[in-house]
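What follows is a short report on a single structure.
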Amino acid sequence: METLIGVFEQQLGLEGVWALSAAYSVCIGSLLGFITVYAMFAIWMERKVAAHMQVRMGPMETGAWHGWAQSIADAVKLLFKEDIIPSQSNKVMFWIAPAVVFCGVFAGFIVIPFALGLQIADLNLGIFFLISIASIEVIGVIMAGWASNSKYSLFGAIREAAQVVSYEIPTATALLVPILVVGSFRLDDFNLWQEANGWLIFHSPWMMLAGLVFFISSLAGCKRAPFDLPEAESELVSGFHTEYSGMRFSFFFLEEYASMFVASAVMATLWFGGWTIPFVDMSTWTDPDSFGLSDVAVTSIGIVVLLAKTFFFIFVQMWLRWTLPRLRVDQVMTLGYKYLVPWGFVALVMTAIFKYYGWGWFPN
Amino acid sequence: MGAVRDYFGNIASALTTTAKGMSVTLHHFRNEPPITVQYPFERMNIPDRYRGLHILEQDKCIDCHLCAKACPVDCIEIEAIHHGRTLEWKKFTIDYKKCIFCEFCIPPCPVDCIHMTTEYELATDNVDDMTEDLLSWTGLRPEDQFAIEASEAKKAGKAAPTKAATAAPEGGGDDDDKAAKIAAIKARMAKKS
Amino acid sequence: MEALEMYTVDRTSDVYTEELRLNLGPQHPSTHGVLRVELQMDGEIITAARSDIGYLHRCAEKIGENVTYLQYTPYTDRMDYLASMNNNLAWSLTVEKLLDIEAPERSQWIRVLVVELNRIASHLIAFGTYGIDLGANTPFFYAFRERESIMALLEKISGARMLYNFIRPGGVANDIDDAWMDEVLAFCDDFDKRWDEYNRILTNNHIFIKRTANIGILTKEMALAYGCTGPVLRASGVKWDLRRDIPYLKPYDEIEFDVPVGMGTHGTLGDCWDRYWVRMREMRECTSIIRQAIAAIPDGVHMEKKMERMYKTPLTPEPGEAYMRCENPRGELAFYAVSEGGKSPIRCRARAPSFCNLSVLDKLLPGTMLADGVAVIGSLDIVLGEVDR
Amino acid sequence: MGILNNTLPSNIATDAVDGVIGWGRKSSIWPMTFGIACCAIEMMAVYAATFDLDRFGAGVPRATPRQSDLIIVPGTVNAKMAVRVRRLYDQMAEPRYVIAMGACVCGGGPYVKWGYNTVKGVHKIIPVDIFVPGCPPRPEALMDGILKLRDKVGQDEVFRRRSDTAKDLERRYGMIK
Amino acid sequence: MNESEIISRMREAGLGGVGELDTSAADPFVVIEADSLRAAMLFLRDDEACAMEMMHCVTATERKASIEVVYHLCSYEHHHSLTVKVICERPEGGTHDNWRPAVPTVADIYAAANWHEREQYDLLGVIFTDHPDFRRILLPQEWIGHPLRKDYIYPSEHGGIPLELDAIPLYMEGGEEAVAAKKAERPAGEPLNQPPSKYSARPDAGGKAPESSEGKVNNSRDSAH
């Protein structure tokens, strides 16, 4: 971001506010573009993964090769579909709820370090920002559920509220564990630390436990199976977005896949080294002595590495979704409070002890 | 200590059974090819006995209405005028809006002239298109005309007209198609018995 | 919509929240058709339920009084459309009882063969859709893969995929050959392997067990009082199977098979898991029955020549009445036909197992959560075509 | 979009736009999870692995009518259910399509004669785009119907004026948009 | 035990109104008078030797001279079953319109009978007195008539839903010519999509005051439910 502002100020001669807004526009535009393209790809991927797990083909006929254009067709169709606003609904809330939901996830993207220095906002409190901004989505969902004036929507919204709020505790606890080891809230610091020392997941068994706790609670945060209660199709028809049609509904769709990306990217960054390759110092690749790559090339490699790791976790999320049955609402709570929260704290305390005594597989 | 055992047992069982389930889906994902039959491009093998659309050997049919009587839903409508043994066909329709493909119209036929093909595609956007006409011709063919004249002549004690007018039945290509289908059905009937 | 006045709510407690009336169905993903249940909800907990049926009432009994005995066979297909062979069998046996005849021996063995195959197909649907009810979509596709094999097998002999109209009064429509029986055996071997896979992915899954065990407990007394039959009754611990206790076909006397009953493996006897597990084990019993039947099938005719007259001249039984019970995948199907000597019965009643099994739903639902309600409906495995007829 | 609907003349630009929209619509027909009777099982078979409707982008069954484009009416509609079918249709967002699956829904089927409370064809209740007779139709027959519907949908007029035939149909069946 | 032993046991217990065993049919049955039905059912359920714990089916059959209510009972413990009949004689000139037989309910003795009895009322108009929840079960509550009676006349529409084969589709609002053509086909004076005039004076629903059906014919489809 700062770099971009600098570029606009120096190269194009823009001043102050103008440079800032120009930089903002570029960032938002590129991010929106990225999210849209990513979500389309992820939806197509989900359908293909699901299909092949279920011994069928998935999209085949839309677009020439294995239905690659399927999501584009979906988007075109949703764009030109009638937008129904139920007459009994609270219209203002009904209108803005999808936007609120999307904003929450969208804001999460700005702190993710895609590669060395490629980060829209390099916040010192990046993780803290992520945790807090993710809660905005819940407000949108409750707005959607309440404004729809449908009982099924209301059920979905209340379930979502209970679930996401509960699972923020284990999420935060698990996130504290790598923070404890690295000693920073800044996301890029994790990448640099792991570039030097190896992946955090192999730091100690407790770190693995924390990773598992985070993964499970991030599933709940993303409303992915087996925690898809807010939109449980076989119980609540479609949950909080039962009354939404057309483009507004597609925002909820987009949000789900975007939040999957954020959760997986955080998982990849904090435990699996983000854009780095372990024990390889990518900053040296620009030297003419080693590879002599340009900055852009190194950045691209970083992006590819991060995306590969992220998509692995997205794949695992899909894999789980097409394997597991759904939990019941009280079981979700039980899992959260009786299993994940205690074990998150165990991981935290044990990691603290390990760090104090310098134990672990690669103590630092 | 039952509660503690339950607690850890739950964790262990949840993790192991999830892993087992995931191994099943992964096995299918990696090792089992899709079993999909890509319909408009590939087709399943339809067994010989399949009860699909009807087909009629019109020259054999004697207008006995046994099939229509056997039909539980009354979807067969037959209309013909008898000129002695020759029939002037008006109508032989099956209403697929009603037909339940139960096969009860096949066994009663005394001359074995109505059959079921292995075809099934009937989708249409017009409600009136679903009544299928099984007739290849309506009214009297020239040879029928000739047969009637012959029998009338015989009755009147006169000499029969010498030459039967030969005329191609309308829609010849369609008829060839139909003849091939009937031959196929006969072949599979022979195989069955 | 009528209110649920018959249920009273405790409004005396200190914490009192407004109750929600939720309309589940008739278009709902997990009501297995067009069942409608009016639920009274206290948060997520169901406090009262009233089921409303009739959205698929298709006048089957009136039709039975107007068509001939033979022509009614395809209509029985359409009652329990997941197990139409079994329905054909029950109706044919009723007509045979009225006519006081018995089908040739070979046809009886063929009947056992196709009926048990159809039973597997029917339980596979129960298994697959139960997975969907609980949020696991993949088992459905695996179940349908095996079901398609059965469809293909039955299609080969009967000519239709689902509504076979194969078993007819006096025998079966077509004979079967050895090649077909080999295919059935191959299917059975394959199926036993797949069965283990089902258990790995769904049955033994921890979440699945937690979702179904101790939910919707149907006691033995209640099951008997409400006239529940089939797997629903057996899951409550009653070892009763018409095939074993009152064999209505000769081969059932000669074939060895076990009658699975609920054992309360993961909780109380008669819970959803027991009902599910009874069905799963019944599928294994079916393959064993099929193997034995194929080994023992005698030569003979599939239908007496003199019976084939019925296609042309309708059957006219003597005045009288017959009540015939058969073990269907969902319970005991019984047909009650009253003849006054005409071409068609004057009363043609079907005692549908799903109808009786469903009547217990209103008593099972209160006290469970909404998600459990879905699990309970799924575990009863109803077919609305049969409930409403 | 509303006010521009069917107002523009047919030219290269509107043809192209309509073509793209038509392609999107026909490639992503999301059916509603809606089963009534026997035909619903064959409909499930179409979604299942052997036939896999998802190949045409139509394998995302939505449980709610708001998000679905296609309602396949699979099974006998009786007097009690007809009200609900009508309401479901009314709840769907335009453009919406209807496939009548099975003989009962096409014109009464086996219940046409003695069925005292069955609706003899769902086209008496809601306008139907494609009829798929059969009792029940094979899964392939339903797919054939869906393919025919795709062809029909691909030629939808969105911005272009309606052709005379479409107008004529509209007048005949009174399908007021 | 076989059927005759069960009946002699019932006689021994002093139950009145139990007829002779009729073995003419494939399933032997016994006719019990309506007044003593409940006592007999209680005995059959609770007596240890009978132990008929399951009510298998309740059927009403309309014959020329009567409507019979047939109860099929069976015992899982002893593997025996019994068919019990209650015969309601048809009064002089008793038709669908004016005659509804009444039989005491057994829904409190056998829970299974609850839905069966409602169904028999729904389809044949047999009134089961003191039934706890006596409503129609399969057909809509406001349905007119009991379809399984032999002299039932089919309706042409119900609550705005056309039930005839040649009915005009609901949405065909513009097709005036078609409507006019349909009207021309009908006998004069008979309204379109309305029940035939034979229905108009029929009382409905057990025990309730007869309502004139004119007010019930509902042309708006949304207000039907």
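Order of writing sets the chain letters: A, B, C, D and E. Residues in each chain are counted from 1.
In this section, a contact is a pair of C-beta atoms (placed from the backbone, for glycine too) under 8 Å apart; a residue touches a chain by one contact, two chains touch by 3 or more.
As the structure is a computational prediction, the values presented were derived from the model and not from experiment.
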item	value
Length of the shortest touching-chain route, chain A through to chain D	1
Those chains which touch chain C and also touch chain B	A, D
Farthest-lying chain, centroid of Cα atoms versus that of chain A	E
More contacts between chains, B-D or D-E	B-D
Distance from chain D to chain C - Cα centre to Cα centre, in angstrom	31
Centre distance in Å when chain B and chain E are each reduced to the mean of their C-alpha atoms	40
Rounded Å distance between chain C and chain E, as computed from the means of their C-alpha atoms	25
Chain centre separation in whole Å, for chain B relative to chain A (CA means)	55
Sites on chain D at which at least two other chains make contact	33, 48-50, 52, 55, 63, 80, 107-108, 110, 112-113, 116-118, 121, 123, 135, 138
Junction residues of chain E - those touching two or more other chains	139-140, 147, 225
Junction residues of chain B - those touching two or more other chains	10, 18, 21, 24-25, 28, 34-36, 38, 72, 100-101
Pairs of chains found to touch, sorted by chain label	A-B, A-C, A-D, B-C, B-D, C-D, C-E, D-E
Interfacial residue positions of chain D with respect to chain B in the complex	49-52, 55, 103, 106-110, 112-113, 121, 123, 128-135, 137-138, 140-145, 147-148, 152
Residues of chain E that touch chain D when the two form their complex	139-140, 143, 147, 152, 154-155, 158-159, 161-165, 167-175, 221-222, 224-225
Complex interface listing, chain C residues touching chain D	26-29, 33-34, 54-59, 62-63, 66-67, 74-75, 78, 81-82, 125, 140-141, 144-145, 147-148, 151, 161-163, 384-385
Contact footprint of chain C on chain E as seen in their complex	24-27, 29, 53-57, 59, 61-63, 70, 72, 76, 79, 83, 110-112, 114-115, 119, 123, 133, 136-141, 147-148, 225
Residues of chain C that touch chain E when the two form their complex	1-2, 6, 53-54, 57, 59, 61-62, 65, 97-98, 100, 222, 224-227, 238, 240, 245-246, 320-323, 325, 332, 334, 336, 338, 340, 346-347, 349, 351, 355-356, 359, 388-389
